[in-house]
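Order of writing sets the chain letters: A, B, C and D. Residues in each chain are counted from 1.
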Amino acid sequence: MPILTMREAISQALWEEMERDERVIILGEEVGVWGGTYAVTKGFYDHFGPERVLDTPIAEGVIVGAANGAAMAGLHPVAELMTINFAFLAMDQIVNHSAKLRSMFGGQFNMPVVIRAVGGGGRQLGATHSQTPDAIFAHFPGLKVVAPGTPQDAKGLLKTAIRSEDPVLFIEHATLYQAKGEVAEGEVLEPIGVAKIQRPGRDVTIVTYSKMLQVSLQAAEQLARQGIEAEIVDLRSLRPLDMQPALDSFRRTNRAVIVEEGWRSFGVGAEVSARLYEEAFDYADAPIQRVAQKEVPLPYNRELEQAALPQVDDILAAVQRVL
Amino acid sequence: MYHEMVLVRRLEERAATLYQEGKIGGFLHLYIGQEAVGTGVIAVRQPQDRVITAYRDHGVALSCGISARAVMAELLGKATGTSKGKGGSMHLADVKRNFWGGHAIVGAHLPLAAGMALADKYRGSDAVTICFFGDGATNIGYFHESLNLSMIWHLPVLWVCENNLYGMGTSVERASAVSQIRQKAEGYGMPNERGEGMDVLQVRQAAERSLAAVRSDGPFLLELVTYRFRGHSMGDPERYRTSDEVQKWQENDPIGIFRRHLSAGPQIKADELDAEEARVADEVEDAVRFAESSPAPAPEELFQDIYAEPEPPRLGSVSTDRQGQGQA
Amino acid sequence: MPILTMREAISQALWEEMERDERVIILGEEVGVWGGTYAVTKGFYDHFGPERVLDTPIAEGVIVGAANGAAMAGLHPVAELMTINFAFLAMDQIVNHSAKLRSMFGGQFNMPVVIRAVGGGGRQLGATHSQTPDAIFAHFPGLKVVAPGTPQDAKGLLKTAIRSEDPVLFIEHATLYQAKGEVAEGEVLEPIGVAKIQRPGRDVTIVTYSKMLQVSLQAAEQLARQGIEAEIVDLRSLRPLDMQPALDSFRRTNRAVIVEEGWRSFGVGAEVSARLYEEAFDYADAPIQRVAQKEVPLPYNRELEQAALPQVDDILAAVQRVL
Amino acid sequence: MYHEMVLVRRLEERAATLYQEGKIGGFLHLYIGQEAVGTGVIAVRQPQDRVITAYRDHGVALSCGISARAVMAELLGKATGTSKGKGGSMHLADVKRNFWGGHAIVGAHLPLAAGMALADKYRGSDAVTICFFGDGATNIGYFHESLNLSMIWHLPVLWVCENNLYGMGTSVERASAVSQIRQKAEGYGMPNERGEGMDVLQVRQAAERSLAAVRSDGPFLLELVTYRFRGHSMGDPERYRTSDEVQKWQENDPIGIFRRHLSAGPQIKADELDAEEARVADEVEDAVRFAESSPAPAPEELFQDIYAEPEPPRLGSVSTDRQGQGQA
């Protein structure tokens, strides 16, 4: 199978869906002439033209709002938020409109909008530009929240999201664009709302997603050298949240560690932990551990920032606590 | 148009009593006093033109051709309502009639209007999106972002500001740097007009001109000066205005003005108008009967309509569903 | 002790702090001439004048933003958001500015701002006007999130919040304003970040806050008639989240039910559940239960809305599951 | 002012190389080409006047009197930096010098400026808040809400738009309905002026006039037309503009223009200016030495400064702290 970077996989998904369906348009800051601040839409403007690749003013509220309106009118717009930190400026459009309009009007129309947003820390961008607030968006029924951790999933999930008749917040990770991985030939489609075992193992269950999937896989390598086989469950989407693979794994290993990049409190790990206990209380041989970001606004200084972000060693320590 | 305006008036008067009786819940914002605006503007729209407004939406909904029955049923939260009883007074809509709601977050539907117009333009349709909003809504960021976008992208939107002089209890003078809303359009180099909002014939003319302008040259801001005779919503103490002020405005009641116009003309007799009013009274009573006898939405409805697509099957097996996960 | 309604208690707290400290001003929609949409600031405009009670345009971004700026300049502004649903229009100011400016600039200045927001469902206001998204704000370090459930706490916590040098999101509940309770005479101050046992009991621990405290107390009454004594822990603030009373109680009862009005997934119950297990794993005799809102945008129809909101019966059923 | 402008230029040129060497991380937005704006405007501010700007803040920080050492140390993330190494290039600040930062969310500091001015007005101070922002920032809702509020409340804010013709890669014409930013002020009835931004003397005059206008009559929008010679930030492909365009602008380099002014006058000799440049070179090297030899923030600093008040004691006892709860 061909090896692609995350960037190439996402770019291919967008390109293929735009070729496939005239209803797909892209709008956002610097998606056109610039080619995307992360070069994801490089070449799109020249190929698809300014009618389908729209550079917007710096105005997140109307970027998502106009995408919502275009979706109401039957297009399948892909709105790009330069980073998920700016999603807070479009919060009302995302949680009050993308997520609610369909049901509030009794299902009269669909909201086939995709909101792409780049998240994650680790690039010394300071407190307002380094967040991983994925969990808060997953709190809202009506929305679907997808966050792939491999090129295969990025391509397959984004294509599914664009074809979907429902609103999808598609979260990419700024430090994963260079990550490489195999991507199947031909039509690649992955279902939204289905978690996936990314590494089999018998000793401990690690539940994670997005960038932390890669960090968890590194931790698993080291654990393997110590004879500890970690099974890694990639949630892939936070809403719908598919707990089945994690539950099946936990019922076998009886030990779980949840790894997320965002802050611990009211984060993804809390929900996953609560559900594991709700569904498999009797299988827990040790307290489920959460590995997450220290609860601080991320500082600029590199060492401080790295100290705040979850590292391989944090995962290893958490695994030791459950064994 | 006379039938329409009187229908709005009577239906809302009836709704007010039903609200007192506790048969209507939530917020109820009456359009009484502003009927000429919605009626006059929508009178000139073509079928392909989309309409979207804020939560004060009963009049606009009826003008778009939604039946009194469907409106009243929604107010009573019935399955036969425009939104299956899930939206309520603030969220009427009927996309078959190109009426896209009823939106309760102030200003938030302006970006939606821009987006719908973008879609129509993209498809090469000559449809215009008519977006109604209040004076108070022109101070929120959405207004700025949407008007600017509509200009740079030449989006076919007719921006209609219903300036009823107050946003809840705050007068335009206290909330806005300029008391003529039309002046805000100058900041975008957008053609604009400020007009009389109590005389439906003048409204219709202004709407005709501005709608034509949008079809040929792009966005246009039409400000119509009007007044709401009732409180902002039910139970407004109205400390912010005097009863004199209200009375003075009530003297040019849009229905009265229009009735005078009609009676002035040769063809229409007063008794015909009275007959019209009688027909409206029946229509409203029929709507109330229909609504009251309509079924409430079924309990399962709670989990319907949230997503267009069913969840992947496997999720169903997660027994948290039993605990009320619903669509999560 | 005098009996006050929640409205009176909150109003008194504001009034007393404005009398006490010139730096306190109030700004928001309809706080002045109208007297507050929930009549909390009735009479303030006439007494304190337009310089200290400022009616704003409908522009949540600049309401909170101007409050942030005034706080940077040393005032203690109280910004009122008519409802917490509109906080999404000020999301960037709340989570990127109120919560982060102090640490991002190395502690050069404080952010003594209070953001009052009314939340909660049950009034048939439809999907966009009925939310209880408290948990998502509690996810952000730098912010303090307070949500009282009694008049005594409302008064004492709001006074502390206004005197605090840190940003506080103070969440009131729209259907609690009429709720009555005893409020101590004289200076009433309650500490932020300290949970409280609102009802002692030996059989089961109910952890809750805000409106659901009242509902849980009703459930406890019924349980008492069946001979089941529920201990009710009121979190009072979600950040800081004081787990000590809940942990102490859980270690005694070995059974816990968490009750919140908001949606279950990624909500308050998830975090509390995760922490109870992390700290008191060996004390759990039954899976901890969460009672929360069904995961749907709240519909207008009264019966459907009530079916979605947590009720006394849901709490009773959850308690049965843990006993 | 000459010293100041040259200092900004040289310090940033040095910062650019340090960025290439990986000693500076994150984003680095250079002010090179726009020095006349910050220098000329801040030259006329009184000590009580507050200054706030966006992330392109090195020049404004230096003009406010922050030492090259403190700026360079912040860029290198050192404990001796303006923000203890926690803010970085985009978040310089020194409230003792009434410089309130460096803000990285486009437009978000405009409401902060309005609020600071509100506090000064409330206290009866005659301080003015000077708020710098880019052309791109004038399309976001914050701009609209803040300018409107400043008008209705007569807040003493001097709104200074640094129109460098682009917001990242998007030209003013493509992003804004009006290419003259000053025209947006008309929508608020706010006095305004569009001026030359490359000649520091003209800038200073315009700033003097407009600052006086704010002190006497309230908010004023001053648009200064300028140009950034470098990319938006490091690693900008610059597909959106031609090198010819950049070259043409570089011909009226603000430092060159000012140098010609000075040399024209009788009192200043060219060699004095050269000596000045030499002093600046030393100052920059000293700043780099200082920054590089400064200590990094201590590990404990990670949990400091987040809250002004310690948490209630009891919380400490919850052992989740051990697991890195930090201040939660």
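Definition applied: a contact is a pair of C-beta atoms (placed from the backbone, for glycine too) under 8 Å apart; a residue touches a chain by one contact, two chains touch by 3 or more.
Values in this document were obtained by computation on a predicted structure and should not be read as measured data.
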Q: Quick one: point me to the chain whose Cα centre is farthest from that of chain B.
A: D
**Q.** Pair sharing more residue contacts (C-beta pairs) when A-B is set against B-C
**A.** A-B
Q | Length of the line joining the C-alpha centres of chain C and chain D, rounded to whole Å | A | 38
Q.
Please tell me the distance, in whole Å, between the geometric centres of chain B and chain C computed from their C-alpha atoms.
A. 34
Q) Which whole number of Å gives the spacing of the CA centres of chain A and chain C? A) 30
Q) Mind pulling the chain B residues that touch 2 or more other chains? A) 83, 85-87, 91, 105, 139-142, 145, 148, 152, 174-176, 306, 323, 326-328
Q.
By the touch rule stated above, which residues of chain C touch at least two different other chains?
A. 56-57, 59, 61, 85-86, 89, 92, 96-97, 103-104, 126-128, 141-142, 239, 241, 263, 265, 278, 290, 295-297, 299
Q.
Give the list of chain A residues in touch with chain D in this complex.
A. 29-30, 33-35, 37, 55-61, 85-86, 89, 123-129, 263-265, 290, 292, 294-297, 299-304, 307-308
Q.
Applying the document's contact rule, which stretches of chain C touch chain D when the two form their complex?
A. 25, 51-52, 54, 56-57, 59, 61-62, 64-75, 77, 92-93, 96-97, 101-112, 141-142, 144, 164-166, 191-194, 239-244, 247, 275, 278-279
Q) For chain B, which residues count as touching chain C in their complex? A) 25-27, 77-78, 83, 85-88, 90-91, 104-107, 136-137, 139-141, 167-170, 174-176, 237, 239-240, 296-297, 299, 301-303, 306, 323-328
Q. Once bound in the complex, which stretches of chain B touch chain A?
A. 50, 81-87, 91, 93-95, 100-102, 105, 108, 110-120, 122, 141-142, 145-146, 148-149, 152-153, 304-309, 311-312, 314-315, 317-320, 323, 326-328
Q | chain B to chain D touching residues, read off their complex | A | 139-145, 147-148, 151-152, 174-178, 183-190
